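Here is the structure we will look at.
Chain nomenclature is as follows: A, B, C and D, assigned in order of appearance, with residue numbering initiated at 1 for each chain independently.
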Amino acid sequence: MAIIKSNSEIASAIWRMTVSGTPLGRAGQFFMLRVPGALDPLLGRPISICEIDAELGETTFVYQTVGRGTAQFARLLPGQEIEAQGPYGNGFPLKAGRAVLIGGGIGTAPMLQLAKELHASDPTRMIDVYLGFREEAYLEKSFEQYADSVTRNIGGYVVNDVDFSLDATYYACGPAPMLRAAASAADEASANLFVSLEKHMACGVGACLGCTCQTEHGRKRVCKDGPVFDYREVRDAI
Amino acid sequence: MQSNPLELTLCGIFLKNPVIAASGTFGFGHEYSEVMDISRLGGISGKGLTLNGSAGNKGMRVYETPSGMLNSIGLENPGVRHFVEHEAAYMRTLGPAVIANLGGHCEEDYLEGARLLNNADIDILELNISCPNVKAGGMAFGMLPDTAADITKKVKAVSKHPVMVKLSPNAPDLVAVARACEGAGADALSLVNTFLGMAIDVKKKRPVFENIYAGLSGPAILPIALRMVHQVAHAVNIPVVGMGGITSAEDALKFLMAGAVAVQVGTMTFADPNAMLSIIDGLAEYCAQEGLANLQEIVGII
Amino acid sequence: MQSNPLELTLCGIFLKNPVIAASGTFGFGHEYSEVMDISRLGGISGKGLTLNGSAGNKGMRVYETPSGMLNSIGLENPGVRHFVEHEAAYMRTLGPAVIANLGGHCEEDYLEGARLLNNADIDILELNISCPNVKAGGMAFGMLPDTAADITKKVKAVSKHPVMVKLSPNAPDLVAVARACEGAGADALSLVNTFLGMAIDVKKKRPVFENIYAGLSGPAILPIALRMVHQVAHAVNIPVVGMGGITSAEDALKFLMAGAVAVQVGTMTFADPNAMLSIIDGLAEYCAQEGLANLQEIVGII
Amino acid sequence: MAIIKSNSEIASAIWRMTVSGTPLGRAGQFFMLRVPGALDPLLGRPISICEIDAELGETTFVYQTVGRGTAQFARLLPGQEIEAQGPYGNGFPLKAGRAVLIGGGIGTAPMLQLAKELHASDPTRMIDVYLGFREEAYLEKSFEQYADSVTRNIGGYVVNDVDFSLDATYYACGPAPMLRAAASAADEASANLFVSLEKHMACGVGACLGCTCQTEHGRKRVCKDGPVFDYREVRDAI
């Protein structure tokens, strides 16, 4: 059981929650979060790791209140418990060299820990971050400590801002249309792109087959074999 | 030496406790073995198999409902051959009794599947005639006493394993189906599979599932499942394995008191992977508190 | 003048909106009139009546289950005569359409009850052949197409009010029962009544209810009820009123899209007395957002 | 919606919660308490008014954690919301003259507000309070400001401590065996006794008929026609 350290709204309907008492994961992995005891909402909600503070043993999530489960998270106060099962999923591969991170909306969240890990693993590496928001930016400042550039787009298409012709690894997380646009751009430029996919999940560990998708290498489970895939493998599933 | 008060024999198979992972909610054991001590379970019923395997259904597959969930997996599975060659031996290493869950689209599928499973080191064949999520076959075999009895008899004739028939709560006359399966030689019955339900995406003005209907499971269905287990257990003389929404030792005790010799747990494992272990602990505590030499003493007391 | 987009006609009766308080969950209106503005409702279906009234069942009567509840009220009611003399006129003053829900233990009960109700100023007679909590009669009439059609025909013959037959989700073949009632002259159908369920008090090693089984309602059953409403609405040409676990405007829209012209809300009113008012507000908002001249445009679009 | 001002454990598994923002009721009435939003637990839990602070507009409840609903209440923190529907029920009649209050276990809770009201309506009135607990006493001190005597019994039968031959009105709330003992004693002494009954409830307002009981005057609903009854009326229902 994790203990909530802080939980507050950082932008309209966007909340940041920090918890202690969970194992630490890595960028791109997620936890199934669940309010303890209640049978409704019943299932955990997959929420990505946004930032890990290994020293304090704390994990931060940033989540958007879209339905009953996330609305319930927003009512929790520091000191209360939350069930955090995980970390689950494969996480982002930390490829050597330059990195370009693209986050759309709440897809920004996992990019922060990714930036942190990329920077930590090689502080000399170039990191460019592109963030797209519909109306209001968040988390942007936090990227500055790790990134060489942070470009923000509000109301437009963030993928259009990105130069895919660099000798770099591209990482993207965001809504499906954004990922599809990134995939097309990567195709054209023959870029290396990793995407983090979203599917409705029940178990989060690969047992229920609720989140499978068709890939180049047969059916895969987004929760267990992903959520991060080389975009070429999952082109039809995006 | 103190004997284990949770142990039982089901279809001649030893189970160290009456808590079995429900088919389709536990894969073949790999995944949860990474997050919990699955050797402690009484049994594991593997993902529903079909003769040639299947990619399952398109579109949305799982959808939460109040205290429950709808699924439309559609028996995505690697096929019986793959199971026999790659999974059965692995499942045997885990410790819990090994149950293979066999679905099918037509009679020949079931019979060929059962024949192939004769080559696998499994303990029980769970004959799934109750999957609501496949278009041909599946639940259709479990809806009427005659068809249920017919397939049971034929599978019994070819299988060397004990056959436990898994019943559908959607059958018009569940008790009649249960009796028919017993008459056809079933060694045990398990119930319930999922209830046919529906979800609508109001924003999209569309059913959530491509098949329109899907299967409801989880705590929401417990009161109905419990009633059905009570009815069936009182109507047949073969062992009944009960399930449907079990979340706790107390829930498991309800099914045992209603007449089930063992239980399966599905959806709750998704919500809390350790739920089955807590249930086993709770049942052991119950035996200690109540001074039961064996938990089976309370089976069917209601 | 802008017309009210929520209004509809059901069995020739004007309803200002499609939200009706479900029978047995709203008394005859007195109690909730003290805690909310019940004049805003589309209709009120009164507590289920029997010819001579009844004290209902002994022992535990209500019991919460995950996202639902079991009840075994057993049609406690003051009798049809009392209703005709004391309640009908009061209900008329409230504003919403007045629906009298009539149960019975045998055919003659139903017919005499229906005759007496001819003297009451009600809008619709809801023929309850689906109460799972009374020993004689009740649900028994609603289980099979023949008996359901028979009682429907006979009640239609004596009643001067439009007759809406309330169906049981426990019927082996619900669609056949629905079609039979339509064939027998029913003006409308309402569904679902409660699902037969069971609860066990593990500590006492006893069923919670004296009747052993009881009726399950509430959000837990919504997915199954929605599927049934969808099936029935697609099988008949008379209006269908849907219910089962509705908690919100979104839930109500699901039933409408599945084919119900109106909905009833029961259990959720217990949890939140203002739930029906929120639903009405939500439906009005939906019409505005979607630019619907009348909400009935979305009925049955799925 | 009520706002929680405080919520803490005052004895083992006994919690005191103070809320603001509900209408104020009177002794013997109850609220249906419910955690907002969740559909499970679904129904409100009937909890008696333990104390009203009319000036602050606050109502205090004292509840025992026995199941999922009350366990959930115990997890709530100050600042969070709770749905409190009510006040429902008839409440205790404030009869003139001497009063004897008998509370057993958690049945002690409604007695506190009753003592307060009896005292306020006639500060000269004699008030004797008898409290029975299985293992651990609570709330006892709070009675001292209103009562002339407070007698506590731990582990025994509190009804045995009471002299039913006084010219007084007797009020009792507690487990059924205690109420039955009080009824027998009242019978013998021809005492006036009001009891507060408990039944499983769904609606709390008299609509569902889940809580009806047989009385001398026909069937009555504990939630609406009670929970307080002249014991003679409900002798068979206790």
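Some notes on this structure:
Everything below uses one rule, namely that a contact is a pair of C-beta atoms (placed from the backbone, for glycine too) under 8 Å apart; a residue touches a chain by one contact, two chains touch by 3 or more.
Note that the structure is predicted; figures quoted are calculated from it, not measured.
Listed here as common contacts of chain A and chain D: B, C. For this pair, chain B with chain D, the centres built from the Cα atoms lie 46 Å apart. Chain centres here are Cα means. That of chain C falls 35 Å from that of chain D.
Across the assembly, chain D contributes 39-41 as residues in contact with two or more other chains. For chain B, the set of residues touching two or more other chains reads 66-68, 218-219, 247.
Taken pairwise by the contact criterion, the protein chains are fully connected, each one touching every other. Taken in their complex, chain A has these residues touching chain D: 37-41, 68, 71-72, 75, 77, 79-81. Within the complex formed with chain A, the residues of chain C that make contact are 66-67, 219.
Residues of chain D that touch chain C in their complex: 34, 39-44, 83, 85, 200-212, 214, 219, 224.
Of all residues in chain A, those touching chain C in their complex are 39-40. The touching residues of chain C, when paired with chain B in their complex, are 65-68, 70, 172-173, 195-200, 202, 205-207, 212-214, 216, 218-224, 226-227, 230, 245, 247, 250, 253-254, 257-258, 298, 301-302.
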